[in-house]
Amino acid sequence: MGEIKLMKGNEAIAEAAIRVGCDAYFGYPITPQSEVMEYLAAEKPEERTGMVLLQAESEIGAINMIFGAASAGKKVMTSSSSPGISLMQECISYIAGAELPCVIVNVVRGGPGLGTIQPSQADYFQSVKGGGHGDYRLLVLAPDSVQEMSDHVKLGFDLAFKYRNPVMIQSDGVIGQMMEKVEFFDPIPRSTEIQPWATLGRKGMRKKNVITSLDLDPYQNEMHNHFLQEKYRKMEMDEVRFEEYNCEGKLDYLIVAYGCSARVSKKVIEYAKNEKGLNIGLLRPITLFPFPKLQIEKLSKNVKAILSVEMSAGQMIEDIKLTVGKGVRVEHYGRYGGVVHNPEDVWNGFKEIFLNE
Amino acid sequence: MESIDVSMDINEIIKPENLVYKKSSLFEEKPFSYCPGCGHGTIQRTLMEVVEEMGITEDVVGVAPVGCSVTMYEFLDIDMLQAPHGRAAAAATGLKRVLPDKYVFSYQGDGDFAAIGTGESIHTCNRGENILVIFVNNGIYGMTGGQMAPTSLINMKTSTTPYGRKQEQMGSPLKITELIAQLPGTYYVSRHAVHTPAGVRKLKKAIIKSFELQKENKGLCFIEVVSNCNSGWKMTPVKSNQWMEENMFPFYPLGDIKVDGKLVK
Amino acid sequence: MSKAKGAIVVDKEKCKGCEVCITACPHQVIGMTSTVNAKGYRVASMVLPEACTGCTNCALVCPDGVISVYRLKAASVA
Amino acid sequence: MTEELIIAGFGGQGVLSMGKILAYSGIMQDQEVSWMPAYGPEMRGGTANVTVIVSDQEISSPVLNRFDTAIILNQQSMDKFESAVKPGGTLIYDNNGILNHPTRKDIKIYCVEATDEANRMKSPRSFNMIVLGAYIKIKGFLKYENVISGLKKSLPERHHHTIPENEAGLKRGMDIVKEISI
Amino acid sequence: MGEIKLMKGNEAIAEAAIRVGCDAYFGYPITPQSEVMEYLAAEKPEERTGMVLLQAESEIGAINMIFGAASAGKKVMTSSSSPGISLMQECISYIAGAELPCVIVNVVRGGPGLGTIQPSQADYFQSVKGGGHGDYRLLVLAPDSVQEMSDHVKLGFDLAFKYRNPVMIQSDGVIGQMMEKVEFFDPIPRSTEIQPWATLGRKGMRKKNVITSLDLDPYQNEMHNHFLQEKYRKMEMDEVRFEEYNCEGKLDYLIVAYGCSARVSKKVIEYAKNEKGLNIGLLRPITLFPFPKLQIEKLSKNVKAILSVEMSAGQMIEDIKLTVGKGVRVEHYGRYGGVVHNPEDVWNGFKEIFLNE
Amino acid sequence: MESIDVSMDINEIIKPENLVYKKSSLFEEKPFSYCPGCGHGTIQRTLMEVVEEMGITEDVVGVAPVGCSVTMYEFLDIDMLQAPHGRAAAAATGLKRVLPDKYVFSYQGDGDFAAIGTGESIHTCNRGENILVIFVNNGIYGMTGGQMAPTSLINMKTSTTPYGRKQEQMGSPLKITELIAQLPGTYYVSRHAVHTPAGVRKLKKAIIKSFELQKENKGLCFIEVVSNCNSGWKMTPVKSNQWMEENMFPFYPLGDIKVDGKLVK
Amino acid sequence: MTEELIIAGFGGQGVLSMGKILAYSGIMQDQEVSWMPAYGPEMRGGTANVTVIVSDQEISSPVLNRFDTAIILNQQSMDKFESAVKPGGTLIYDNNGILNHPTRKDIKIYCVEATDEANRMKSPRSFNMIVLGAYIKIKGFLKYENVISGLKKSLPERHHHTIPENEAGLKRGMDIVKEISI
Amino acid sequence: MSKAKGAIVVDKEKCKGCEVCITACPHQVIGMTSTVNAKGYRVASMVLPEACTGCTNCALVCPDGVISVYRLKAASVA
């Protein structure tokens, strides 16, 4: 068993980065995730593992440093929060186009604009549908605990390198700022493996490596896009991750929720079961892209209705509706703009929507 | 290749053992996409000559900008990446930080380095990243069809200043090189031109020096090349080089600006 | 007129006819052909071959690197 | 056993670290814990609160609106959280600066004169340890030695010299708690 | 009748901007839309109407100049293409949050990353779902002709001021670069009207005006978000715009397509009707947000299947599916990554998908 | 307000006709959100005094940054906008270009102006926009909890450099003010501090001068205020002012840097 | 009447402006027109082409894959567009630089020796006007005076002095066309 | 000891107890109260009122602008 610590979600990300053998972190401060860089700085990662740590002049600087370092086939990571992630969209589209692996953490806060620094889940569209230009996809992981904040860093790098694709860890201020127990995996030494596509200097007889997202010839660019789309289809086949909670037996309703909203929903489900004799299942997408369509479709068959609980005006609900069509009623509940719904909020919302109370 | 019309004498001269100059072998067969007479070709030729002669092909990684040189990776036979517009210096920073033993350079136009990329450019220089920045100042946005660049001269006609750049409206041409020379992070800063053989020879020396300094981790080396954009300027190549001498050089004088970390004069 | 010490070879299909080499040659060795290559450019060629010293100036400024220069070792010593 | 607790007061009263000690104490006895601060603009100058859950089972929501126990350290927090204690639950407060005392009949209410006691002890910083001591005594589910281990874990090495002072505060809180039940 | 000219779509945008009394244009060059600024520069708008024209140092500079000038209640506009629009996402979210009117033109090119400079429609998700962070919406207009490039500038400003909301004109390289006849509306003098919310200096006794997207208090920010959502619902009620083509009588199939794809589809529809006796209707959304849901739903009732024709890997198709559910088959056809589908491509795609040929 | 403990004498003094100083009336009732002793308050107080005394309240529009002063519009009773992080200068440019007759200022921290906003900052200065930029250099990111700023001194401990800023890794503190003073677009550039009455008086004069120059369309006026961030520096306010004198001023010396468009000395 | 036309050749041959003149000519006789260039990297040095549609009806797709007429000015374009002419359609080409002449039997093919003729006229720039003249004559739907008005419209004022030269080219093209039908 | 020529009034509820005014006063007029205001800050008050000249120094440096200064006209003339 690994080491157990009590830690903030943001700190767990940082510690996991060091342990997973991350080669470099580039970032720019922004609430509520500045602890990631601060933890790293305090840990002297250059001494612990040789990991590079650099505070960039901006989020655009940071993500482009990621672009450069990822080109060398290194494990690289950045983190930010909503406005900072918006600034990264051009380069994220480049990274996806150039097929570079990297992990990007978004500890979402309330928008739009400067909004507030309180938790939110309103960047779902941005992460999942593509906030940048063009047809690309991020692999999007949605941790719901400090434990998963750590686990997803490891998983994120595995997937990023497996698919040569940027991975977004989409968290929120609750998961980033809360402390929980976390069991860390044992440290993995920084990799010495050379990625065959990496720009490390054109050794000997090998052909030069070029990292680019450009194909001036549209037909070539279309080919490249076809290839990317196939990769995304493969992710949809192989990388769907989810958790089912209270989904055995006959269900009355289904809640679909991720991250912090899933945690809150569990409490509501316990309450409904114990106090109201109502059986509500929870499907928690762990991957937002690829979205757990098959599982939701299966569960949707036998429920009266589905509630999408998200701290947004309703974004993931579109993917649920796309999944189940119009046969099942699908509704959204969520506080948003920085307000975190508590179990009572959600239960009241549920009652009002489905029980007409 | 067609045989050329030469006398007996010449056929005796053109023998492998008499070869004194040919393009570096670090080029692909594919011809440059640049317009006839464009300095980009000369600069990149010179750069590759240095890489080949220094024997560092296996240890050099370049970062291409967005600009006319965006596809330079198609011509140069070395590992390269192609960074978002203006961010080549940031990408080179990321690259160099994880590959401290490699030679890293970015190659950027004036729009790229001194307009959209100003923030990354200044901070990369300020941190003194151990890289070489080659900055090609042709006073215009070549690639997109000749719009004004930050370095366009006053009264210069471009497609976005068809009546000439006006200082009141658009400010003065930005001497970004003099600016970054002020930063402690830059170690060697020098301005060149490649329309004359002497200029090319000097540039070559400057590039060699920069790579040597990079090996010693001295900080950022910065080479500006004042260059022509005959398409954007709407002149023949030869005319554009003249115009450059007459108009660009007085404002962007050639020579070393900072040597051994110290401002010249 | 002195005997040629040098000579250049132009890769005609890649020459873009920019005439920059002409300006660079100290001995007016180079001129442009009247016919064009497949790309439609008139190309550089030696018009005064006997004046060529093999100094490489033309090659140094050729943006497309299409000039190779040869120089007689003996001649250059002479 | 599940304890759902809120600690609320001014920023600067050590609200967050009290929660941290409790969370560590729970870990020391192999329980699940969560610690969820309100953060942001409230933190600078304004109020601060932290939700702590200690449980034998996996913890679902770290965000709560009803609490088994509320530890309340200023009037604003009293106004906000008195009503959030579950019926049959516990409210512990320091009377310093409290104008409107709690009035609920369906919960157990304890007043700890921690500020005053700390001043009496000439150790104003021990104030929050006294409150904590009272809490531990009242709720009883955390073993004292686990709290001490939790305390040690929660402090960076360079602050370990303050442990004796903190322990004294804890003990005092446990001692005076008997009398303060109202 | 207004003045008729033969013009590029990009030029029509610029000419319309001058005529509509636009107060300022800020932009940064990028293919395939640099003609907008070039046309303006050639026209000396400072002399024609007093309009301000400024080439910014970057797209981020440009959109933030827009932010500043829009705060003064002025008619302001920028234009760019995909990578440049990605860079604007943070500020666009701010503009939406601060409820400023402005017109942003995206002449879309093939992505992801640097991609190609050829036409594309792959920024649908970005414009319609929100490429920036938080819950906000742009009003998105999709011109399909040079005429509409001009008309939509006028319409765009009307809507932007009506709703205090940024309007995106989502065009593509085909519509931007092609020339057609365009009949211009008569020039409107620059407005001297003072917006009551504008930051023009706190005159006399009026309360100060503040333009901000910040509400540090999450509950206030939630209120603000509720208000925004209501505004978006109102747009969905009142501002849906679309064109029906060949939709009378009994339809076999329905094509949904916007912009250049709608034009190409019309040719396919003519062909199918004349050569194959097949009746295909076209629903062309003119507003992408709000999306013409009612109309599509109505038409969907009596067709065998729907084809979403877009130059993307399939983005708008999600909104069609959300509209019609699973009762009707909905498929996507499109060349993408910079390739423009021609009528034959689309017809072949149609045949392959629906006629198994 | 509670009555204060004063002798008879004093009660005679405290009469409306004897009032010689009170906070400008251009403030809302709401107290500043800044930490005790923070220079932001003093600077904004001084700024509003000038606006009130010059009688330009109806003609001034300010741009707030992202930083501790992000909500300054809640305290100042003038029209303001709140720009994205680093882009206040660009927003002010847009504003001024459409309102050439208004007084426009941006108020920006060192993170805002000299890190993320470097590109917009440099180009706004270079274009010589007719605005006033007030640049508050406290060598740290106050708002987000004390991270390193571009202007943090060498060896300065911040939450992202807990062992001190190292020049090799993070470069040198950026003297952005000296840099932008090089640009022809800036007309008046001056560095101040507000921890002493004399300093406040000088700042006031500088602001008046800047608004006067703005009226004459002379170009960009730039006032740096070297300030404390006692929270970020983890010192008492009084101690932080001392530390500032001892450590910040040697590196960021007070005084005029450019006057009448000419560099001083 | 609908004419769907492609003009294809080298960049620099004036392909785009030929299209523009035709589009303006269409407008002069109150027809609908569209002009759609292939743009981008192809334009610099490489090939250039433009699709022009002139019609009495509203124009649907400005993007086409089949054409009533193709005007072809280099070999690359011949390779690409010969097959794109509709059966019964028209192909007009300048033989200069063409190695593989068109071979289709189901279309009408015209060769205009425009380059040579222009050189003969000592006005190499008139080359594309000669082609245009041939086109106008062959297709017949554009009135000569409308073409002249279109030409004027398409030229900026400062180039109006070239109009006589251009007209000469047009006329020559119309004159020599009879002979070149094959 | 000279008769006071000036006096200050501190808005106690808004004072944040930063003590910057103390440093600025040339005559050591100001000290901090031992009690705190509602926000928990000790606040500035005149501890040597007779020394106050009404010079406004303290008010000028007060970040929160909570000091008003009064000065006797006559005295200042004298």
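Observations, loosely collected:
First chain written, first letter: the chains are A, B, C, D, E, F, G and H, and each begins at residue 1.
Quick note on the criterion: a residue touches a chain if its C-beta (ideal position, glycine included) is under 8 Å from a C-beta of that chain, and two chains touch if they have at least 3 such contacts.
Predicted model, so just to flag it, every value in this text is computed and none were measured.
Think of each touching pair as a link: the shortest run of links from subunit G to subunit H has 3 of them. Summarising the inter-chain contacts, the pair of chains with the most C-beta pairs in contact is A-E. We define each chain's centre as the mean of its Cα atoms; on that basis subunit E and subunit G are separated by 34 Å. Rounded to whole angstrom, the centroid-to-centroid distance between subunit D and subunit F, based on C-alpha atoms, equals 41 Å.
Look at where the CA atoms of subunit C average out and do the same for subunit F: the two points lie 63 Å apart.
Multi-chain contact residues, meaning those touching two or more other chains, occur in subunit E at positions 31, 54, 57-58, 60, 83, 90, 94, 98, 113-114, 116-118, 212-214, 216-218, 340. Annotation for subunit C: no residues touch two or more other chains. Among the residues of subunit F, those in touch with two or more other chains are 35, 70, 82, 84, 115-116, 118-119, 122-123, 150, 170.
Note for the complex: subunit D touches subunit A at residues 20, 23-24, 27, 32-37, 39-41, 59-66, 153. Against subunit F, the residues of subunit H that register as touching in their complex are 3-7, 9-14, 16-20, 22-24, 41, 45-46, 49-50, 54-73.
Residues of subunit E touching subunit G in their complex: 4, 6, 31-32, 116-118, 173-174, 177-181, 260, 263-268, 270, 340-345. Contact residues of subunit E toward subunit F in the complex are 23-24, 26, 52, 54, 56-58, 60-61, 64-72, 74, 76, 90-91, 94, 98, 199-204, 208-214, 216. On the side of subunit F, the complex with subunit A involves touching residues 66, 70, 82, 84-86, 115-116, 118, 141, 144-145, 147-148, 150, 159-163, 169-170.
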